[in-house]
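In the two complexes below, chain A is the common chain; its partner is chain B in one and chain C in the other.
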Partner chain A sequence: MEKSELEAIADKERRARKPVCVSCCTAAGCLSANGGEVLEGLRAAVPADGADERIEVRAVGCMKLCSRGPLVRTQGPAGGTEKPPDEILYERVAPADTGALIRAAVNNVRAEHPAIDLSQPFFTRQKPIVLENCGRIEPERIESYIEANGYRALHLALREKAPAEVVKEITRSGLRGRGGAGFPAGVKWALVAKSPSERKYVVCNADEGDPGAFMDRSILESDPHRVLEGMAIAAYAVGASQGYIYIRGEYPLAINRLQSAIRTARRLGLLGGRIFDSPFDFNVDLRIGAGAFVCGEETALMASIEGKRGSPSPRPPYPAEHGLWGHSTLINNVETLANVAPILLHGADWFASVGTEKSKGTKVFALAGKIANTGLIEVPMGISLREIVEDIGGGIPGGRVKAVQTGGPSGGCIPAEHLDTPVDYESLASLGSIMGSGGMIVMDESNNMVDVARFFMEFCMDESCGKCIPCRAGTVQMHGLLKKICDGEATADDLALLENLCDMVKHTSLCGLGQTSPNPVLSTLRFFRHEYENLLVAEAIGT
Partner chain B sequence: MKVTTLKINGQLVSASPGATVLEAARENGVEIPTLCELEGISNVGACRLCLVEIAGSPRLQPACVTEAAEEMEVQTDTERLKRYRRMTLELLFAERNHVCPVCVANGHCELQNRARENGMDHVRFPYQHPDLPVDITHDRFGVDHNRCILCTRCVRVCDEVEGAHTWDLSGRGTQSIVITDLNQPWGEADTCTTCGKCVEACPTGAIFRKGSTVCEMEHRRDRIRFITDARKKQEWNP
Partner chain C sequence: MKKLRYQPDSLIEVLHSAQGLFGCLNNDLLLYVAHALKLPPSRVYGVATFYHFFTLEPRGRHTCTICMGTACYVKGAGALLAAVEQESGLKDGMSAEDGSLSLTTARCLGSCGLAPAVVYDGEVAGHQGPEDVLNKLKEWEADHGEE
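Right, the complex of A and B next:
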């Protein structure tokens, strides 16, 4: 494969495009709302009377406003007779509606079907970098990705940059790990690049497990090649020739799309031996998780890839020095790797111009909860929570925001009075929450915060691997105390014991899962202590 | 010989090169409580009793897997550590059914010893009273899951010293349980060589010799140490 061949594929793809394009979302959200039949219906409705020369139906990825799915977008030819809006996004399309939508698209008019206002803040306030191809390209066709400038960054890296230059570019961009902790990606890459290890590995952590989070799934379902390209660039930069994607088994569609993406990339010589006629070889294999949340923790993830029980081990040693099978290993999250190709193509300065001083670029969030617009959003770092919740999310219909939960079970609840906090790693941490991987759950006045804490604690208890005592037995007791408080049977002594236990579990647990499991309790205690105290009784029942 | 010099509880001490903080402490007569650690097998840092404070480190570090470093300043016995250790032990006692007066290991139990040494004289958490089985299908040994603290010493000694890997873990979190082979009754586990190393390794009365009654079950850790010393150091006299 050479660059001219890439361009030839892109040209062919562009020439094959027809004037009218009807795109149907085929990501998991819309598919679960019968999107598959909508797609079939659209394809069947294209008339074979010559109009099929002018219209095409494409199976694209996530179009973001998941709560209104299945979504179908029609793009008409530029400059039609009636001057139709060139892009219409129809919401809640049923298989029965498909005929009318296709007829309208063929005739260049707007169909009698509810459409979504594309000028609303939900779309206009977003800043797509990671999701730039999401909902635009066909995830199951590599040609579609190549048309969208795909694999150009890999070519650039392999043919025009030394590995150290690539690492430098990532370091300069200020990209930080999107998996939760926000460790500078460039520093991690440099550590692995410098390691004298004979063999090195690159691992993509796609074991997204936080309740309410679906960013990584959407990226993989909508633009799988973007992640493969990021991995290949990372491997070139650090000197690895084998990569693994550790993906949870609950994501069958993402697994399928990744498998087919790896196969087609290999067929075109974009993975495998001597990529772009350089001496660089790189292969990617999938490893499928069996349903343990703890396997998203990097040491447990590596144990699982090695075929062992997925339980964490003490760090140090870190994966960069002692990773898979003892070799130096680079582990990055899906979203981190999806940022790599645009950074190389547009430069570190361009990337660093987005975001804040210490948090560069954008962050993808899965916006959920009691909010008008639930779905996938990508916003520049530094945007305020209020803009996300009230403008992009459209607020809570008929209610008031009480708190925003970020970071999943390791995160915390930020109360409404702090909604003007900018979304960056440090600001969220100063409020006792974390950026996390990107789950964002908006809660209204009907949510009892003690119950929210109890919910997350139950999650941590069920997902504790059982290796260390504070997490294994501590989460059980914390959950028991929270339940006792919720049931109105706890005294002030119980609350004090809960606080002591939270402190102990936080500081003595072996891995991040245990260390952060008290966070939902600690953050709700910090801002909503009165809700706990209101539930206490003066004396223990039965004494 | 090159040695590492560090401070433990304010005392300047020296340690053999490559020694862990735990080994350095022991070489110098400083006791750090442990439960999942056993001489001769690998360390996993799971019980968290040996956590120590190291100057400059924001996190507490497990002494059993932290290598002693030059000029390191270690505190092993602060009030905070003692509080955490007592609470860890309380959590263990509340987790399963540890009834010392009827236990074969009463008086020879590491869990009991750690509780006594660390001043854990009562448990503030509700006992969970799980319903757990006892497997006495093996000819010579038995396992009582009520007394298991999931330290995985049996798993490690069986895998690393005997090479049989009969023991492993099944389930997760508080539902974890040690199993033999693919969760068959111990008596039907083909890989078991009946060597008894797991019996000697067990810190409590969970794995016991059949026929022993209350207080009779003493563990012969020296048998495991004899084998590992013989292999590693070529020392054949116990």
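Right, the complex of A and C next:
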């Protein structure tokens, strides 16, 4: 494979485009809302209208506003321009509506069907880098990704840069791990690159376990090649030749798309031996998880790839020194890897110009909960929570925001009075929450914060692997105390005991799951202590 | 199935396909896998019981899975579960004695846009209320009655 061949594929793809383009969302959100039949309906309606020559139906990835799905976008006549002005996004399309939509698109008029205003803040305030191709390209066709500048960054890296230069570029961009903790990606890459280990591995962590988070799934379903390209570049930079993607078993569609993406990339010689006629070989295999939250922790994840129980082990040694089968291993999150290709293509300075001093680039969030616009968003770091919740999310219909929960069971609840906090790693940490992988759940006045804390503790209790005692026994005890408080049977002593336990579990647990499991309790105690105390007072009167 | 590879580290993949074929992992199956991959049975049993995805007991004819992810929870998934538990007399993770129904919960399906979501026999349905779920269960019962 040569660069000229890539360009030829892109050219052919561009020429094959027809003036009118109808795109149907085929990500899991819309498919569960009957999107598959809508797509079939659209395809069936085209020849019936005798418009084969002028119109094409594309199965694209996530178009972000999941709560209004299935979404169908019509564009045209395109005439080669990237984003024609007459783009219409129809919401809640039913299979029966497809004929009318196709007819309208052919005649270049607006159909009598509710459409979404594309100039609303939900769309205009986003800054797509990771998601630039989501909903634009066809995830199941590699040609579509190549047309959108795909695999150019890999070519650039392999043919024009030394591995050390690639690592330097990533370090300079200031990219930080998007899995939650925010460890600088460049530093991690440099550590693995320096390791004398004979074999090295690159692992993509797609075990998105946080309830309420679906960013990684959407990326993998909508733009799988972007992640593969990022992995290949990472492998070249650190000197690995084998990669694994560890993906949740609960995401059958993403698994399917990845498998087909790996197959087609291999067929075109973009994975496998001697990529782009360089001495670089790289292969990727999938490893399918089996429903264990703790496997998102890197040492547990590696144990699971090796076919063992997903129990974490103490760090150090870090995976960079002693990873898979004892070899040096680089583990990055899906979103981190999806950022790699654009950084190389546009340069580290371009990437570093987005975001804040310490948190560069953008962050993808899965916005959900009691909010008007549920869906996938990508915003520059440093944007305030208020902008996300009120402008992009459209606020809570007929209600008031009480708290925003970030970081899943390891994170915390940020109360409404702190909504002006900028979204970056340090600011969120100072409020007792974390950036996390990107789940963001908005709660209103009807949600009882003690019950929310109990809900997360129940989750941690179930998911604790049982290896270390503070986590195994501590989560059970904390859950018991929270339940007692919720039931209005607790005394002030119980609350003090709970706080004590939180502190102990936080500081003595082995891995991230245990260390962060008290966070939801601590953050709700910090901002909503009165709710806990109210439940205690009720008990005092009763006795 | 196991001709793919006999490497011990493919244990989880093998269990995935075994459960796909047989519906559940009984002791004989686990022993067979252990011998084939040259692993101690305790290790195979340990892995099979560690992961939520694997089940050692057969499932009912129909499966109703209620998403208990955060987004569904704040939108009332707890009430859905309570309604089904009351109606069917089952608890989360149990199957009815006559093998007609299994009730399970999920840790987020990633369909938060549709919250609260319920999976009926592998098909995701969004924006469910307690009545919707109970109606569906009655429908299943009626189907069975006709058979």
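Note that the second predicted complex is superposed on the first by the 525 of 543 C-alpha atoms of A that agree within 3 Å, B and C clash if a C-alpha of one lies under 4 Å from a C-alpha of the other, contacts with A are read in each partner's own complex, and residues count from 1 in each chain.
Throughout what follows, a contact is a pair of C-beta atoms (placed from the backbone, for glycine too) under 8 Å apart; a residue touches a chain by one contact, two chains touch by 3 or more.
Quick caveat: nothing in here was measured; it's all calculated off a predicted structure.
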item: Touching partner for A:488 - first (chain B), second (chain C), both, neither; value: neither
item: Contacts of A:47 with chain B and chain C, given as first, second, both or neither; value: neither
item: Which of chain B and chain C A:326 touches, first, second, both or neither; value: neither
item: Which of chain B and chain C A:309 touches, first, second, both or neither; value: both
item: Superposition-derived comparison: chain B or chain C, residues of chain A touched; value: C
item: Partner chain in contact with A:465 - chain B first, chain C second, else both or neither; value: both
item: First, second, both or neither for A:292, with chain B first and chain C second; value: both
item: First (chain B), second (chain C), both or neither touched by A:455; value: second
item: Footprint overlap on chain A, comparing chain B with chain C; value: 292, 309, 463, 465
item: Chain A-touching residues of chain B, taken from the complex the two chains share; value: 44-48, 51, 59-60, 62, 65, 83-84, 87-88, 91-92, 94-95, 124-126, 128, 149-150, 168-169, 171-176
item: In the complex with chain A, residue positions of chain C that touch it; value: 8-13, 15-16, 43, 46-47, 50-54, 68-71, 73-75, 106-115, 117, 123-126
item: Chain C-facing residues of chain A, complex; value: 28-29, 32-33, 66-67, 69, 208-214, 217, 249-251, 287-293, 304-310, 366, 368-370, 374-375, 405, 408, 439, 441, 443, 447, 452, 455-456, 459, 463, 465
item: Touching residues on chain A, where the partner in the complex is chain B; value: 292, 294, 309, 313-314, 461-470, 472-477, 480, 497, 500-501, 504, 507-510
